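Shown below is the structure under consideration.
For reference, chains read A, B, C, D and E in written order, and residue numbers begin at 1 within each chain.
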């Protein structure tokens, strides 16, 4: 295991780079996913269809292909940004489809009777949404949304292969092939890095789930 | 995939019924009548897979010369794609009999495998867009930390450019040089660095969009990677190369040598086998 | 009972028609309910009772016809609809208490948000109403912690807190255990005695006999019979009502 | 309509007018965006026959070769995906049954395994499968298809079997308790109840989740492209565009193929569900819970 | 009615105790049911009726006491338990038909897989039973396509297909629409007439009067009263039974 101990600083750098990919993508995919979800449940048919198109496209395309488009297709069209930007963009586009579905199914899981009861009291659309539907939807959204985001954290490893460099995944690649370390210990190190992220996130998610849990 | 090369070069004469000492790799291969060779599939001039699935290039021709001496005709060679990062592994794992893949000889690698050759002396250089006057050599990178340079994950050039960088973030890594070339052409990176001959291939393909700048700043002797400690096979390869001067020159001229400004090299002195 | 009628009916349905796709669920319904009148709607499953009830506060839109409440035409949307709905109390079969709010919050939500009452006023009145329906002690619990009968009584208190002109009940007891049915029916009976105008879809014939001024029998989306309870139960005129009563009463 | 009812009231004339205006605005905006995108593509000569010809013009000299490569790619992608799917469903079901029937002590190592496999990026597992296994001397090259294929299959199986196990377990748990009790009351043993009553229903209920996981498996085969050589669809795309220098066009076609395959898979699931729906709705409410599970593990 | 008793009781519960955590749900229950006897169990919600019913085929394990069926002690697990369960028919409140199998398959599954009958024999007998409960025409449909009353009658046929020695019913009609209750009760009444031994948890007092040999009243996990129906309804001895009857009968 000296492969890991000798290169601890490389691992730490990689870990931090991965974290920053994750944080940017987290913000991006939540915002975009909510927007797409809003258009999917809006009463305006073209928006709904657009939302459906978006979800169908990005759910059915491999992340790798999305990233290829971002890293090689967009520059071909004259959009030049850093590979970090393109990597995060690809991850955000891909994840937004899953965020959208998690949010939408959360909203749909609120029994229609709850909204009917609210309307019967004379609550307006926005009161109904803010007082009754969304607070309850939030509680059902948290677990699947958490899983989607944790999956995104894991998917961030793929971004590393698209020119970003210096993240946890490509640290592994550098150590093995350029510096000639054995693959097994190096990638056990990489795996531990990701486990730290995903297991921590999983634990936080459980705490959050318990906080928002509802007695039914 | 893999496959046999077409008549890209004049085919070396295949030895009739070669005799080898029993138990050697040569005897085994000659007996078997086939050989598996690791090479690159994405490197114009050295090893590039065309749409039909055949590989073409200098490395491929070198492999054919060696195979011919074993009594193996070109169509009996199986080419396997070996990008930089997996070359040692495939040799260690016995998945290939040898690797001819712009493979720089160095001591770190010698810990895991052995090299025959070198069969070519390359050197690392820098390729930029034709209209780029800002970069004149590796030192320009240190002067301007905004410039980015691309190379391949796990390759020696990627390691060797690092001292010339002001900031590690300047280096972009992909798993194939062709991706670096794409990124250079669409402006995502400012330079690509690796061995000059590889770069020459891209320059010639680019219709004048790319150029090489500065002198070569390293020495990259290309060797044939073989199983560690197979001295007999190593010596056999060295002898074969030395004995086939004409085929060697022809191999160069029909492949990498077609690039403008490339001179036909002399076969370098072999390093001792170990 | 005619004494209760003073001029204009409180709820008036005229020529109501509604389709679900191809299904004609309400067919030319005409119905007037006077101030203080208690109408029980019965009929076989799928006959359109719930749909009828839900059109009255426009939880279902109608396709043809006109509904007026207290002389005012039922608005189709927006603030006006919300205001009108606040005057029509509704009690559902499945209670539909807000699962994320306490009992007290369930009852005060409407008064505070819709009637703009102060929190203190709303809570005071809510506690009175909860006491009246017999669940005052549960005010700080969440709905899931209450029995079905208790939940339904809270739902009634929630509707009452808006001081509605009319109350709609859609099978308020059919999701309840037998012992709890009576505690809810008792609250409803006392409401009826106090002069509340009520439209009640139910299978509880005892309640109909005891508290209703009129029984409306529906079948296949139409009002087939409409009569005083005594007349209806002892001497139904239509075959369909006879058949239905025989099925439901002979055990 | 049922989807909207929790959010929206029945529409009145004003709401209908607002919706109509919204529709027009949305159409205009979408059209404008599409126009800008197309113009950019034209500016960059992305519609030239030089770039598209090899992909769409059968008369083009490269056409046959390109589609032969793509064809091999599809076959290889489907092979890896199909084997991994079958293995992970079978193993996943076994794990689920074990987890459902074992007592607490037996369950703990299983839960540990599940957490470990789910905590790692698939790409790391694929790396272990195709590179590390080889390095530590596990030789799969004797199997039909070779080391890389089986390394990939192994990695995808390990990653997905635990997810399928969770899906099947959730499916069994979502069935009303009465289904199992009715089976036991008829005199079936625990095993019979599981086999004859619970599992068949769990699979039906979880079909959407299972299918979306199958889509994930299929997509994940492409991860091998930058780890080792296996000529699946994405790798073939890379080698085509290396020769033709038309990344946008090539990867557009590649993406389209992925979407087509995956979309067909999802539609197939819907079709099967609708047929079953006609035959008899399941005992649990299907949509929400299973969708949630599907979404959960989908990404 | 004593004529039905020939020696040994068919089901015997002696000193049964059961806890759910801290909750003592069954307390020292002693109960014997003779061959051919029909026992109706009534009592308030939560009094332990369902639990009692479910201990008899060990869907719930007991903590203390002994249950024998036809002289044989109830096995605790494994094949013997499965064999014994196949002799005890059970009908649930929520029907619990196997949703993925047709009506016919629902009825033949047990005979084929447990009794190892041939498919042809099982189907012949299943069709007879389905005819007997009046749903023969639905044999090839799936459960979801049937009304609740029809489903419950299938569930009875499914239990009968195993030729059980005793049938357990846990509130078989309380999930049904009022119009369908009678069609199920009629089937049960005819079963009782044919001499089937039955233990029935129900709130249907009409059925208890009509078909039961004995009414057992439970409260708080204990058997509080056990008497002939006539005696029980007209002259209950315990206060709790009186209170319960007043709650449930006065509407």
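By our rule, a residue touches a chain if its C-beta (ideal position, glycine included) is under 8 Å from a C-beta of that chain, and two chains touch if they have at least 3 such contacts.
What you are looking at is a predicted structure, and each value in this text was computed from that prediction instead of being measured.
J.: If each hop has to land on a touching chain, what is the smallest number of hops from chain B to chain E?
T.: 2
J.: Using the contact definition stated above, find the chains touching both chain A and chain D.
T.: For chain A paired with chain D, the chains in contact with each are B, C, in label order.
J.: Report the chain whose CA-based centre is farthest from the CA-based centre of chain C.
T.: B
J.: By C-alpha centroid distance to the whole-protein centroid, which chain wins?
T.: Answer by centroid distance: D.
J.: For the pairs B-D and C-D, output the one whose chains share more C-beta pairs in contact.
T.: Ranking B-D and C-D by C-beta contacts puts B-D first.
J.: If you average the CA atoms of chain B and of chain C, how many Å lie between those two points?
T.: 85
J.: Counting in whole Å, what is the centre-to-centre distance of chain D and chain E, each centre being its mean C-alpha position?
T.: The computed centroid separation for chain D versus chain E comes out at 46 Å.
J.: Give, as an integer number of Å, the spacing between the C-alpha centres of chain E and chain A.
T.: Once rounded, the distance between the two centres reads 52 Å.
J.: Residue numbers in chain C touching 2 or more other chains?
T.: 59
J.: Could you list which residues of chain D touch at least two other chains?
T.: 9, 11, 15, 131, 135, 226, 247
J.: Tell me, which residues of chain B touch at least two other chains?
T.: Where chain B meets two or more other chains at a single residue, that happens at 86, 89, 175, 182.
J.: Touching pairs of chains, all of them, please.
T.: Going through each pair of chains, those in contact are A-B, A-C, A-D, B-D, C-D, C-E, D-E.
J.: Using the touch rule from the top, collect the residues of chain A that touch chain C in their complex.
T.: Those residues of chain A that touch chain C are 111, 113-114, 116-124, 127, 131-132, 135-136, 139, 214-216.
J.: Enumerate the contact residues on chain D facing chain C in the complex.
T.: 9-15
J.: Which of the residues in chain A end up touching chain B in this complex?
T.: 71-72, 75-76, 80, 83, 161-163, 165-166, 170, 173-174, 176-180, 183
J.: Which residues of chain D touch chain A in the complex?
T.: Residues of chain D touching chain A: 2-9, 11, 15, 19, 22-23, 26-27, 30, 40-41, 43-44, 46, 115-116, 118-124, 127-128, 131-132, 135-136, 212, 215, 219-220, 222-223, 225-226, 234, 237, 247-248, 251, 254-255, 258-259, 262-263, 266, 287-288, 291-293, 295-299.
J.: Which of the residues in chain B end up touching chain A in this complex?
T.: For chain B paired with chain A, touching residues are 84-86, 88-89, 108-109, 111-112, 150, 153-156, 158-159, 168-169, 171-175, 179, 182-183, 186-188.
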